[in-house]
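Below are two complexes that have subunit A in common, paired first with subunit B and then with subunit C.
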Partner chain A sequence: MVEPTASLSTLNRADGSASYKCPATGYDVLGSVNAPIELPARRDALKPEDATIEVFVKPGNTTAGVGERYVEGILRSVLTEVVLGRERGYPRRGVVITLAIVGGGSVERGDSYLTVLPALLHTSLLALLSASVPLAMTFSSALLGVTKSGDIVRDPSAADAKAASSLHVLAFSSKGHLLLNESEGCFDFDTWELIRERAVSICRGAAVSGTGEDVAMGERSNDARLDGFVRETVEDRLHVDYAWKIESN
Partner chain B sequence: MATPAANAAPSVSPSLSLPPSQFARLQPHAYLLAHLSPPPASNQPSIRANGRAPSQFRVTSANAGSLTHTNGSAVVRIGDTTAVCGVRAEILHTDDIASWSVSSSSTSNSNKRRRLGEKTTDEDEGQDENEEDRAHIEDLNLLVPNLSLSTGCAPGFTPGAPPSALAQSLSHQILSLLHSTRLIRADDLRIWYQPPNLGSEALERHNESQQMEIDAGQGSEESDPQEIKAFWVLYIDVMIISLAGNPFDAAWAAVLAALRDTKLPKAWWDIDNETIICSDDISEASRLSLRGLPVASSFCVFEADAAAGWRAVVIPDVNDQKAQNQRKKGPQQKWILADPDGYEEGLSQERATLVVDKAKNGKNVILKMEKHGGWSVDTEDLRQLVEISGQRWDEMKRILDQC
Partner chain C sequence: MAQKSTFGPREAPTLGSPSRALFGKMLKEAQLSVAERDFILEALRENVRLDGRGPDQFRSLNLSFGNEYGHVKLQVGKTSIVVRISAEVTKPRDDRPFDGLFNINLELSAMGSPAWENGRSNDLEAYVTHVLDSVIRRSNALDTESLCILKGVSCWSIRADVHVLDYDGNLTDAACIAIMTGLRHFRRPDAVVRDGQVIVYGVEERVPVALNITHNPLSVTFNAFNEGNNIIVDATRKEEQASEGELVIGINNGGDVCFLSKFSGAPLDAMEVVTKSNVALEKVKEINTKVDKIMQVDLARRAKLGMADESRAENDR
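Now for the complex of A and B:
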């Protein structure tokens, strides 16, 4: 299994940015976050005590259509739960996340958007971290497909995803909650439970009993974990940014 | 609206007396919470502000064939949410499909062979037919659903405004559900040409001009090569004329009812006029044969802790939370409300939508399951929701069969 690659703060003018590449599905996503910014039209927003989160998804080779509106809605509802929009300086302001799908196959009209969703989720999380937006938790997300013969495949390619009998995207918070589930295709609940188990082990490692930080640290040798991947990406970036300080010690 | 439970809410001091409707507007969260968790002394059942039990759906009615100028139409009303759906069929000539001659040769070839055999039924549909359906319906975009909310259906939506993000994402959901459930068979949408059997000489001449590649692949195996001359394109337009929460269920039910009502006229290729001719005899028109009956049910999660959003929450670890819940049998913390109305939707973040169908043995088959916007719903809740959706399927089947 080829692990995804990511880098933080790749854009100079945005408050935070990240680029994320998933070799298995081939998607390459560039994300930028501007926060907090003034949204003049949102003075009388529905929730004046909270920040407004806006997500824009730009496909690589066409203009955004109805599929992008749909995935933007999902991302917004997930990220609204994750971003602490009531921290100082955030209420009544906007957190604007722009995600451009730079590489990988295009999603045609009416196609399922699930294959891109994990890449979009990870990019937006990394970009939010890069912009130092206060977050309640981090998360990690996995794409799983069930083939006609009943095997569970991780990160199916676009062609495999079309042939799969069902597709699932699950996201788990750093505390182990199921944040997002998107399943489509034909399946029963027992299959879904197997999928969930598999997704937990991909996102959070096989042993989920870890309640304390020590256990989590111990598990980090198991490098297949996706939440470990997010953490390491951020650690690497911090190491580069604070090189001057680390050197002087 | 006027229920005594409103007075039982803790935040109302006895000196003030507000009518329940005003209280509902001022303190919506406390109002709904007071209904759902009445004080134990009052001996009242936990009930939603709109008088329904948590897993109860609104009264649903459906009426098919409401519009006369469409091929199929339906009006579905779920509580105060009303969706009108019209299906209009238009002809797409294969001459107008840019990629047709290249891509079709192989697919229409295999179609033809199947066509010559028995008509496929539910039981014997094969793997390659699925692929073919996808090739035709998805690649040629034979289904064009559109949903409009700009009808003045709710105060937030200006009439005549461009489609809102909600309308666009609902359109996408309907389209992707039509594709992923493979509800419509491509076979119903094909318009064929059956050349008359004039003997081998005439046949050969005809083949030379029109079906070179196919013929080359096929040799001299058969006598009547059928070919696809056109497709029906279905324009499925949904108007939400009144919106009181849960537009997706209503829109999908309307699409389903309209498709069940859709009749396509008998159409054939007329070789003399070189055009498609449709019969205007209604007895020759045929209905679509749909695959299954996928029924959508939506839910929202109402959380008891209104203040949760106000402070920087320390979110408990999922295992701690479970242990805590087991230790103290405290008051219920969350309610999963089926078929939320507009008022309840405004008070909840977390949503779940299920689309289920039932197999012949009565087992639930999940066709779509999504949940987002929160972290409280997990395996056990979802299992219950599948059960509830199964019951809803029975109810919807009865309603749709009657209309």
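Now for the complex of A and C:
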């Protein structure tokens, strides 16, 4: 499995930014976060003690439509749980997350948007980290497809995703809790249980997978874990940012 | 609306209408301080710019290409843009059955500047879209008639999407360069008509074809300072904010002016317009040569990767 690549703070104007490239699905996503930002209209009246999270997904070569609105809704609900909107300086302010799909294929009208969802989730997390927005936890997310013959494939390509009988996106928090479960297509509970075990081993490694002893032999090593990938990206960035301090010690 | 009737006839319509009040305040770029503005103006009086450039000097141009054709990343100083060109087969417009479609799509998002709001257009967006439309689309830089596949039935629709990643002034010129480069770099799938049926060949089946570009117009924006005494090209965001007016000239390599506008700001001497169009021509030639060189390198690299035919396609006409 080819690991995704990412870099933090690539943009000048935004408070925080991240670029993320997933070689398996081919998507290249650029994310920016502006926070805390004053909201132009009075959108804070409903939740005076919390920050407002705004997510905007910009497709690469089409105008944003229902697919983008749908995925924005999913992202907003996940990220609202993750961002600590009650920290000092955040209530009644906005956290504006902009995600642009700048490379790779585009999601055709009518195709499933789940294929991009993990890339969008990872990009927004990295951008939030880059903007130093207080977070309750980090997370990692995996896309799994079930083929007609019942095999579970990780990160199916656009063509595979179209042919798959069901698609699943699962996200796990850094504490191991299931944070997001989006599924599309036909499947039964047993399949879903297999999917969950596979996703846990992809995101969190085998250490926490519990019962799943016979699944996912490939993802056992610690460095292939996705939450490890998020951690390493941030570590690398910190190493560069604090070079002055590390050097002087 | 029901509320309005209770105000009676004395309510003046000009006094903050209720719909206006609903929108609330708009986000704005941080303003220049008085000291900063004076510093820029005073320095320009002595012919010095903040970044040490000459008045007719562009910032460094950094151009690169993505994996697909027509995917351009352009950096002009700290202004950074990604342009993606895409093509699809559609039905031509009823009044122009021989013409294909070409659209430039620019949507400013909060990524480029915190002052831009997602999903809501602002003045800059409308302005830049207008200039790009005039310079590239209406000057017929892309020959839309060559996009026709079958009269009145099907044609290519070419779409240029501009993503502004970082905004530090001179969006128009940067977007112009990026779109023109993208159009020249792009290859569309081959399509033929057989027995009244349109067949579109995949990229693997047939060599994709380059678009028919008639000329290479670019816009050059001039900003005026100190009652028109200092006129500079490629202003940064701070210089734009301190500027008293601007002049946009769209011109191609042959020296044909296809767009000239003086939208607002302080008046400018007529002679300046003439001299500045000469400067613009010089700049456009310079930029086009630079872009050509980088594009040739990229196409040569693609040729090495076993796509020799595709890179040659542009000069086959």
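Definition applied: the second predicted complex is superposed on the first by the 234 of 249 C-alpha atoms of A that agree within 3 Å, B and C clash if a C-alpha of one lies under 4 Å from a C-alpha of the other, contacts with A are read in each partner's own complex, and residues count from 1 in each chain.
In this section, a residue touches a chain if its C-beta (ideal position, glycine included) is under 8 Å from a C-beta of that chain, and two chains touch if they have at least 3 such contacts.
Keep in mind that what you see is a predicted model, and the values were worked out from it rather than measured.
Of the two partner chains placed around the shared chain by superposition, subunit B is the only one that A:110 touches, whereas subunit C remains out of contact. Contacts of A:37 after superposition on the shared chain: subunit C is touched, whereas subunit B is not. Of the two partners subunit B and subunit C, more subunit A residues are in touch with B.
Judged by the touch definition given at the top, the superposed model places A:87 against subunit B, while subunit C stays out of reach. In the superposed model, A:137 makes contact with subunit B only, not with subunit C. Using the contact criterion defined above for the overlaid structures, shared-chain residue A:183 touches subunit B, although it does not reach subunit C.
Contact with neither subunit B nor subunit C is seen for A:159 once the two complexes are overlaid on the shared chain. Comparing which residues of subunit A touch subunit B with which touch subunit C, the overlap is empty.
Residues 22-27, 66-68, 71, 78, 80, 82, 84-86, 105, 107, 109-114, 117-119, 159, 161, 163, 165-168 of subunit C are the ones that touch subunit A when the two sit in their complex.
Taken together, the subunit B residues at the contact with subunit A in this complex read 127, 134, 138, 141, 143, 165-166, 168-169, 171-173, 175-180, 309-313, 315-320, 349, 351, 363-379, 382-383, 386.
Put simply, subunit A touches subunit B in their complex at residues 49-50, 65-67, 69-70, 72-74, 77-78, 80-81, 84, 86-87, 108-113, 134, 136-137, 148, 162, 173, 175-189, 192-193, 196, 208-209, 211. Subunit A makes touch with subunit C in their complex at residues 11-15, 17, 28, 30, 32, 34, 37-38, 40-42, 54, 56, 58, 60-63, 96, 98, 100, 102-104, 106.
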